[in-house]
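What follows is a pair of complexes built around chain A, which joins chain B in one and chain C in the other.
The block that comes next holds the complex of A and B.
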């Protein structure tokens, strides 16, 4: 187990290095610069002003030198300063991170809490009326564009019914105590829903097919023969086996959630990492783009590693190297 | 493993296929609507759906139905070409990794893993926003960020079939590696790849719509469903139809392609509804 962990960690280092090289050269070689803005920006200082800005940002140095400087500082946990407001990149990330974690954490917990029971009930009786209806509904959710769902939910709950706020993280005049919490929850409801349903559909379909397959297998039949109830056979015998592939894929759910976060945070004006990343790209804020890319790469690699370790811990065949 | 491919598609997938065909027919007749889609009439801006304008009008008084129809070919075409780019790159990388083995496989498998575990939209946004805006940029950005899934399938299939007798016979007869890959392995690895590509089309249409919605997709005057939707948030208080109808077209298309892909998957694998 330790050797496996060490080998995985050793492999993660070249992977991380590869990601930083790709992102670094992509942003630096792309047309446009922090000084001239995007390809068709009107904000375009020229002459001495542009010269001095270039020197200030270190953009007058050759590319390999800039990369060496950046990576050696990054290795010491110094991600540099944002070009936009000259605050440390780590400070701006630190402000946005809790907001994104709150949004995505809630979405993930909610998705699993609904998807697993749904998958067990549907997979327990394949082709039943419930299985067919839930299957069709999940399929529809799976194909639904996040931003469309967001716009429809806003139209219904915020504009028509006036039940929930249109966007933002809290009201300007949010009360304290209970009122403050209620205000927070009201602001969370729509963005969390938008981030939840895709993961929910994905996981529920996986659990359903896993349970359906396990339900007809010998060990579940044996449990039934020993007198276990249908419910017990499904939940304690079929489900754990169906959860193994879910565990493996949870590592991939994190990048999917972060992707969704960009759109959801943009629509709901949520001051999180996704919006920060999008704004940084538009502003050609190289240090912010690089810092955020590094952070997400580390996070997703860690999540994949954790998922694999959990799989190894749960499945002796993986642990002993008998199966991939 | 080659499987019996000539199975009947499930009923739902045949409906989906009909929807896809219908969408392409709409795309074929869409030039008829391009005039109406561009006609700006400020005296009827943000008019709700009526008999004259079934989908209502937008913020410049353009007929929304005409705009949604006119956007059909570009949305469909970008989805299809981006998925094709993804499939070609994915097969090249995956098949090379599976066939060569050893260090090549290790390096390429790392690359595939990096691509799979990086948030797709992050890379997609970077490519689409940093490169000069054009349909080609959007196609390449989507194709180059989504090939990893195709590559994984291609690698697995090639690993399964590369030591079967016909592949060994081709090798013994002295065929060059690219020839073996394309002439002998590609056709036999195709069924799972087609399924992956069909899912890829739905995803690519969605990706293009997301980019255009965020304002970094197709440059004007080309307009896709995502581009039409990008105007909706500003008028969410007064014009719900701006969000509903273009999104509905997008949703129907993505769902139809996904349903078709799912049907193809069921038809090409034994055991029906197993994952």
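The block that comes next holds the complex of A and C.
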């Protein structure tokens, strides 16, 4: 197990380096320039002013030199400062990160909490009425575009019923204690719903097929033969097996916790990483884009590693290298 | 406020109000006449709303977060909208585009037009009680001129500055290398408190997010990507703001903004066509707002690359203009809320000569012009050619501009009828701008937005400003136009300058360096209780007092 872990960690370093090289050159070679500013800019510098700005941001230096500077700083955990507001990249990420983690973390927990029981019940009786209706409903959910769902939810709950706030993280006067928490939750309700249903539908179907398959396998039959109840056979024998692919999937879902969702964050004016990433790309804010890409890359590698370790822990065949 | 942004695509624009009672016949060109201003396009004068009531909160929308509240470092509209409350300029322009005093009380010009003396008001004061001094003004200008400071909005205005010096605590003298007719506009200039920046790196100073106010309001709280809250600055010595508080909500999504307007959580928003349609669809019973629609100085045009062999001949460029059916465009695309233009200004600009008729839509005449320029279909493939080169090109437009794309498609269809192939290509904004600024395009859909009232065409059409030097993106070159542009910017007599501009206008029409399209209306929604709103050729915001004169009527 230790050897496995070391091998995986050693592999992660060149992978990370490879990702940063690709991202760095992609970002810098893409057309456009941080000098020209966004659509809302009042005046684009040209001529001498543009030249001064290029020098100020080091854009006049050769690309390999800029890369060397950036990577040597990044290795010392210095991500530089944003071209847009000249604040440290890490400070801007630090501001948005908790908001995105809160939103996406809640959405993920909620998705799993609903998807797993749903999958077990549906998979326990394949082709039953519940399995079919839930299957159709989940498929419909999965194909529903987020922006559309967001607008529907806003119209219903905020405009018509006036139950939930339209946008933002908290009210102008948020209150403290219980009232403050309630206000937060009310603001979370709609964006979390938007981010939940897609994952929920996907995971539920995954669990359902795993459970359905396991339910008809020998070890579950054996458990039933030993006198385990149907419920017990499904939840303690079939489900753990069905969760293996979910673990792998989580390795892919976790990094999305960080990268956030641009669409949901924009519609609900949520001050998260997704918006920051998107705005940085539009503004060609190279240090921000690189910082955020690095963060996502690290998260992806870490999550994949975690998922593999979890799978290895759960499945001896993987651990011992016996898996096909 | 400030001079223009060439090449800012007009993102707003299609007016969807179905007001079709005047179906202009296609052949007779609808001239940019005031008759185009329909009910709802009135010029609002907020001073006629009676005595302002003080109190309450104004909820304003920002579509994006200000990058800084350091007035020198500002680059975009979001910064400008907030800073207008916090930092006063030395001078401002009012709704009629007259210069009005701000922090300064007077501006004296030397007889050779090169020296300016600014005198600050005696009671101009910072939020911390220290007076606003000539040292602060000098500090600000030095920062603008510092090569290590990105000050995109102000840099070009002081490139010609020879020397600035403090005369006494209230007076600063500026000496410029050349006289310039529109120099006074450079003094629509905010001032930074020198004492607050001592010992700090300018670009990352604490004040950039917590500015010291010398305006009617002060910043209370800035929640990143959420909101900015302002309250009255108790030390501000002149007319107090009407509202107790101003709350800017950062709402990036247009549809969400409309919902916030209807639910009363926003008091105002500049609308694009789809937002306006949504509000109108609610009918007159819409609980929230009144629509305000009027003309400002914005216009859009299709830049033609005069350096390209396709468009180096003025006859070809004229033919291009004659192949764009602007009358139908105004009627069908803009639903009447746009005016055809014949030169690089909006009809309300003093430089615009209303007697210069736009070139008519006339495909037959255009065909003749193309033939005269040597373009014919010699190989019979349906596309015009000359010296073995086919007449085909890319017509690029920013992906955010629906109206630009629709105009391009209309033009492309007409061009196809005479054997010219124009492929409409949408590009992401930053990539698009990079191409346009480098002059690497054949034709590009652009807009000009009126950041200030400076009509000087020099920066956009003089041959010295061809890429990469300046913003004559299509590199139009005309010795006669160059001479007139140089003459106009050094003519200090306003009437004479106007005549020069009018001569230029005729040349622009006939040389057709670009296809000048239309001057579209600006659309805003305001809560019904908001009063004191004055429209101006610079919109609702970029003037004094502008939003500072607004107030809410208690119902």
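Just so we're on the same page, the second predicted complex is superposed on the first by the 310 of 324 C-alpha atoms of A that agree within 3 Å, B and C clash if a C-alpha of one lies under 4 Å from a C-alpha of the other, contacts with A are read in each partner's own complex, and residues count from 1 in each chain.
What we mean here is this: a residue touches a chain if its C-beta (ideal position, glycine included) is under 8 Å from a C-beta of that chain, and two chains touch if they have at least 3 such contacts.
Fair warning: this is a prediction, and the values are worked out from it, not measured in the lab.
Partners chain B and chain C, once the complexes are superposed on chain A, run into each other and clash. Judged by the touch definition given at the top, the superposed model places A:248 against neither chain B nor chain C.
In the superposition on chain A, A:52 makes contact with chain C only, while chain B stays out of contact range. Of the two partner chains placed by the overlay, only chain B lies in contact with A:210; chain C stays clear of it.
Of the two partner chains, chain B and chain C are each touched by A:159. In the superposition on chain A, contact is made by A:266 with both chain B and chain C.
When both complexes are overlaid on chain A, the residue A:90 reaches neither chain B nor chain C. Residue contacts after overlaying the shared chain place A:279 against chain C, while chain B stays out of touching range.
By the touch criterion defined above, A:151 lies against chain B and chain C together after alignment on the C-alpha atoms of chain A. For chain B, the stretch among 5-13, 23-31 or 41-49 that collides with chain C in the superposed model is 41-49.
Under the contact criterion defined above, the residues of chain A that touch both chain B in one complex and chain C in the other are 30-32, 38-39, 151, 154-155, 158-159, 166, 266-267, 282, 284.
In the complex of the two chains, the chain A residues touching chain C come out as 30-33, 36-50, 52-53, 55-56, 81, 84-87, 95-96, 151, 154-155, 158-159, 162, 166-169, 172, 266-269, 271-272, 275-276, 279, 282-284. Residues of chain A that touch chain B in their complex: 11, 14-15, 18-19, 23, 26-27, 30-32, 38-39, 126, 139-140, 142-148, 151-152, 154-155, 158-159, 166, 205-206, 209-210, 212-213, 245, 251-252, 255-256, 258-260, 262-263, 266-267, 277-278, 281-282, 284, 289, 292-293, 296-297, 300-301, 303-304.
Chain C meets chain A in the complex at residues 1-9, 11, 63-65, 67-68, 73-78, 80, 147-148, 150, 152-153, 155-156, 159, 203-204, 208, 223-227, 247, 249-253, 255-256, 259-260, 262-263, 265, 398, 400, 428-431, 433-435, 437, 451, 467-471.
On the chain B side of its complex with chain A, the touching residues are 110-111, 113-114, 116-122, 125-127, 129-133, 202, 206, 209-210, 213-214, 216, 229, 232-233, 236-237, 240, 243-244, 247, 250-251, 254-255, 258-259, 262, 273-275.
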